[in-house]
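Both of the next two complexes hold subunit A, though its partner changes from subunit B to subunit C.
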Partner chain A sequence: MKPKTKKRVTVLIFLLPWIITFFVFELYPLLYSLFVSFTKYSGLNPQTTFIGLENYARAFQDEVFIKSVLNTLIFVAGTLPFTIAIAILIAILLNHLNLKFNGLFKAGFFLPSMISMVVISMIWIYMYSGTGFFNTVLHFFGFAVEERSWLANQNTALGSIMIMDVWASFGYYMILIYAGLQNIPYSVYEAARIDGAKPIQIAFKITIPMIRPTLFFVIALNTIRSFQIFTEVFTMTNGGPRNSTETIVHYLYRVSFRNYEMGYGSAIAYILLAIIMTITLIQKRALRSDYL
Partner chain B sequence: MLKRLLVLLLLVLTVSLGLAATKLTFWQFMMDQPTSDAVLEQFRKENPDIQLEVVQLSWGNGKDKITTAFAAGNPPDVIELGNTWMPQFSSEGVLMNITSEIKKYPNITGWYQTEYKNQYYGFPWLLGTRVLYYNVDLFIKAGLDPVNPPKTWEETLAAAKKISALGKNIYGFGLCSGELYSPTQQWFLPAVWGNGGNVLNSDYTKATLNTKEVSDAAKFYQELARYSIKDKQTGVEQAFGEGRVGMYVAGAWSISTLQTTYPKLNFYLGFVPKPSKDKGTHASFAGGEILTIAKNTKNKDAAMKLVEYLLRDDVAMLITKRVPQIYPSNRLAILDPWWNENPLYQMFVKQNTYAVAAPLYTRWEDVEIELTSMIEEIILDYNDVDKTLKKYNDKIQGILDRYK
Partner chain C sequence: MKTKKTFIAKLNIFILTVLLILSLIPLALTVITSIVPEGDLFNITKEVELSDFELPPFFLTKKIFPIESEKFDTVDGDNNSGKVLQLDTKDCVTGIMVNIGDVDLNKIKEFTFSLNTSQKIKTFYLGFKDVQGMQEFLPAELTYVSGKWNNAIVHVNADKYVVVDKEHLNFVGLKFEFENNEKILIDNVTLRYKFPTLWNYKNVLQQNDFARYMLNSAIVSACHVFGNLIFCSMAAYVFARKKFRGKEVLFAIVLSSMMIPLQVKIIPIFKLMQFLGWIDTLYALIAPGVVTSFGIFFMRQYIEQIPFELDQSAYVDGANDFKIFTKIIMPLSTPALAVLAINTFVASWNDLYMPLILTSSNNTRTVQVGLATFNRMHQVAWPELMAASSVAGIPIIIIFLIFQKKIISGMVEGAVKY
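For the complex of A and B:
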């Protein structure tokens, strides 16, 4: 064997575990669900009937699906700015203040990211309940609140999940941004200060541009994750009351595993893929990032 | 020499494989590990050749697991299914048709839950229903008879009014809302059934919400809502436990929750009220656990043996004694002395004579989601009852037409 071929074979062997899992657990399901999305398939018995684009056409006439798209957009637009803004703010504070217990704060803010979302949801279900934390506080300050879980009210359910989600996820993005900030050499700041730059100028002319790749990565990641919100909805509301918290992925699940319409469910999954891809490309343009 | 040894080894392997036990898998929801060990101990002794593997599923994602197992073409041999899921699974043709077996079980009741197009696809195993819970202390405080809870809708309304007048955080009744299943199953649908109505016609081609029976039940429900706490089931139960709710409808699982979490609470049980003295029935929601066998099982005989064993009255009673929220479908089980020692649970057996199961329609889950929204509009927004019924009648008709 020539040394070059030998090297290639070695590389291939090392890559093999990934290649196999990629084909078995990613590429095959991806292509199979694309095929299924053009069929009528219950999932229970193996019979599939080809129906062309009917599933896709149906999605755009399905009022629950349209509602779930709107809810998901509200969720993304309502959580992303807050999550990212809080994450940036705290990352900058931690980076510049150099507090005595810096590590403790970092760990504290990051802690929710290490707890399972199901556990967090269960805890917040109690906090949102009729006689839970939030209603007790409101009651204490003299607000007349009806004794009903915030999650059982169609006007507050989605907002409640959004608040919880911001709390639960900003710590993770904070750590990523903090790492980005640490990469900015101190000499740049020093030079800016000698040239007489004001703090605001430093923030917008140095800090933000220098962490732009990180920022794009964080925003893109958060967008993709938010579009896929499922665990919180599944644990806390099951999409209700009156579909007010129905999101795309939860509806996809409901259609596929509750109603046994795997074909329609797969079509919804591909529509979601198209939405996420479009938005990520727009973000990439907007932030002019070469990353990703 | 080596060759001979190999041949011998192969021979031994084949023989031992042939003699090895039949492997039978049983997926179920109701029994935790200690319960299933106790219940199946006798079966394992009687059938040493069957290697039984029991898996407990959770109500949260058990149905998904069953679905994926069927989709993968590798379902368990014996599966416990909720009675409302039966039409979906039967219509997909993945369950064994057991119509010819029925005559072997003259003491088992509730076969109608397993029927699909005149064929039967499962064995009714365990039943459960809901009764009226009431707070004895609040009844006395409000000057109501603490021994005779309300029997009719009118009496219920009057009692609820009196109890809710006792204080600001005290409610006459507890109605479930804001989640799936409980709003329809606790009382709305049974109230409709008790009033002689239904939401679908008998062959599931027409939505029948625009009938007087449904409309009267809905109007009563709306009136009752004015004196009620309206929250998720856990919220209602908590408020009842704290002694702030006069009455609510719930299953037997609430007994143990209430007794352990709120030991001071003084409550008792009654029939679910009926429309009026001379009209309607005390209808309540019938939950049922069905034993089914996968159509393509390789162990049909072993599976049948297991089902036969589980349906025995003494075996099923073992489960009731450990998980007293369900009781055997075998009518001989009522002879067990356990019932006399546990009068609260006996109430559920009495109530069961009036229990009604949800329509066995393949798309029932879709219909139930619409009904849940409808109930919310009636009891939370106090929307005009007849207009709301009309709106949802059209929506449900749409479902019926789509999946004709």
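For the complex of A and C:
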């Protein structure tokens, strides 16, 4: 064998497991689901009829789908600022604390974001229940409480899931921001202090600008993750009451695997992909412009 | 100036501690609730008064049945607690069956009741009747002094009962054998639960197949971990060390395939698994996750840092790529491999979406699906639900506590460089 051929064969062998998985579980599904999105396809019945853009047109007239897009947007817009603000606050507090407890605090705040969303949802179902933690505490302080779960009320269900999500995810972003803060050299602070800068000035003129790339990254990551919210909705409310917690991915699941309308489901999946890609591109651009 | 600084530091620790406690409340609630026998955390049912016999006779007959005699009477007691139950004795035997709803025998610590009888009890029997109607009476030790209105306590030894369905008991029976036929008076029959109890965990693991779910999750996660360690490193080695045409394009594909949400690919994957006949098998869960783009990306970062001279000197000594990979690159990458293993395990253990769609029976469900569907069946059994949640969460918490430094550093590296 020629050395060049031999090298090619080696490269191929080393890449083979990935290439196979890539074709079977990445590329083929991506293309096939694009094809399916232009057909009427039930999943149970092997027959597919090509119907062009009808599935996409249907999505924009489907009230539940529109509701689910709105709910997802509310979810993203409502959780993101709080998650990031709490994460920044704790990261800054931790950064100023140089003790041996540092690791303990870091681990403690990070712990919830390690636990699976199903477990977290169960815990919060319990806390939101009629006789659960929140109602008991509110009752103790003399508030009138309803005897039913917060998740059973269509005015509070989505908000409840959002509060839970902030709790469940801030630790993860806190760790990332903390790592960003640790990269700022101490001499920069020292110099600012010698020049007479006040703590507030240091925070807004030095700390925030220097961790801006990290912040952009964290915001991008959080946005993409939030757009794919599914587990919380599936375990806690199943989209109800009255579709008040229906989100894009949960609706996609309902359409594809409950109603077996896989053609329509694929169209929704592609709409989701388009939304996520658009947001990623916008954020990427924002990120890049910051570097230049 | 110095006092001001220490004050700020103290305030800092104080704020952080308060926030940390607040943030850990949900987890603490879960663990505490999982050892409660019945009810929930703010309403722990330690004791249930089964009957104080104040109900009108018509309602009482629905909840209480006399043993060995056709009827019973409630009379005004002289113990300042309203009505008491008077039982006739027939052939020196008497007793009552009292409704306890649907109770698990293993969670019961003891029964107590007030008893007024002038004669000595020859034998006392404690019995149960399950939802199917099976009955079982066994002699039990009664802590009691004969005389007027004494509190009697009988401890429950759940292991002795074999005939009745211990998990679903309907009635408890108190049966007395005397020397003579004489009337006795009973009041305030009360059930006391064990608290704290680990029985919820046992129930969840045995009855609800959680042990099976855990095993499934462990198998799938282990396969994902080993697959990622080997296959991702292999691909990463090539991307880090070899020069070949199309390398940049291929690596761009690796990066961009990390961005594609799983939801877009799930329908064809489902169809493919159907075609392969893998629906509802563990293969369907294992196959898509044995190589991940993240793993390749992460390992490449690390392998690039390993000095290239090591490879070259090995090459000069006659080692081929497989030797270099297995004898040099892999051993030197141990720190990164450890991080990748932990991250893969956690991600795989916590995943719900894939197993939810690709499995349907108890034998293949993972613990996340088991827990998510458990909720639908047991909406109000909070202690059991919390025990199930703990079971699903504990492996991750243990791993986190052991490897927290690796997990955090791996996550930061993976994210920041990306």
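Following the convention adopted for this analysis, the second predicted complex is superposed on the first by the 265 of 292 C-alpha atoms of A that agree within 3 Å, B and C clash if a C-alpha of one lies under 4 Å from a C-alpha of the other, contacts with A are read in each partner's own complex, and residues count from 1 in each chain.
Note that in this section a residue touches a chain if its C-beta (ideal position, glycine included) is under 8 Å from a C-beta of that chain, and two chains touch if they have at least 3 such contacts.
Here the structure is a predicted model, which means the values were calculated and not measured.
Participant: Quick check on the subunit A-based superposition: subunit B and subunit C, clash or fit?
Facilitator: With subunit A aligned, subunit B runs into subunit C, so clash.
Participant: Quick one: is A:N45 in contact with subunit B, with subunit C, with both, or with neither? Answer first, second, both or neither.
Facilitator: So A:N45 only meets subunit B here.
Participant: For A:L151, is the partner it touches subunit B (first), subunit C (second), both, or none of the two (neither)?
Facilitator: In the superposition, A:L151 contacts subunit B only.
Participant: Considering only touches as defined above, state whether A:T131 meets subunit B (first), subunit C (second), both or neither.
Facilitator: both
Participant: Where does A:R258 make contact in the superposed view: on subunit B (first), on subunit C (second), on both, or on neither?
Facilitator: A:R258 contacts subunit B only, not subunit C.
Participant: In this superposed model, does subunit C or subunit B come into contact with more residues of subunit A?
Facilitator: Partner with more touched residues of subunit A: C.
Participant: Which partner does A:H250 reach: the first (subunit B), the second (subunit C), both, or neither?
Facilitator: Neither partner.
Participant: Show which residues of subunit A both subunit B and subunit C reach, each in its own complex.
Facilitator: 43, 129, 131, 257, 262
Participant: What does subunit A use to touch subunit C in their complex?
Facilitator: Against subunit C, subunit A makes touches at 7-8, 10-11, 14-15, 17-18, 21-22, 24-26, 28-30, 32-33, 36, 43, 90, 93-94, 96-97, 99, 101, 103, 105-112, 114-127, 129, 131-133, 136, 167, 171-172, 175-176, 179-180, 214, 217, 221, 228, 230-231, 234-235, 249, 252-253, 256-257, 262, 265-266, 269-270, 272-273, 276-277, 280.
Participant: Name, in rising order, each residue of subunit B that touches subunit A in their complex.
Facilitator: 63-64, 67-68, 70-71, 73, 88-89, 92-94, 169, 177-180, 229-232, 234-235, 238-239, 363, 365-366, 372-373, 376
Participant: Can you check the complex and tell me which residues of subunit C touch subunit A?
Facilitator: 8-9, 12-13, 15-16, 19-20, 23-27, 29-30, 33, 40-43, 227, 230-232, 234-235, 237-238, 242, 244, 250, 253-254, 257, 259-261, 263-272, 287-288, 290-291, 296, 320-321, 325, 346, 349-350, 352-353, 356-357, 368, 371-372, 375, 382, 385-386, 388-389, 392-393, 396-397, 400-401, 404-405, 407-408, 411-412, 415-416, 418
Participant: Within the complex, which stretch of subunit A touches subunit B?
Facilitator: 42-46, 129-131, 147-149, 151-154, 157, 237-238, 240-243, 257-260, 262
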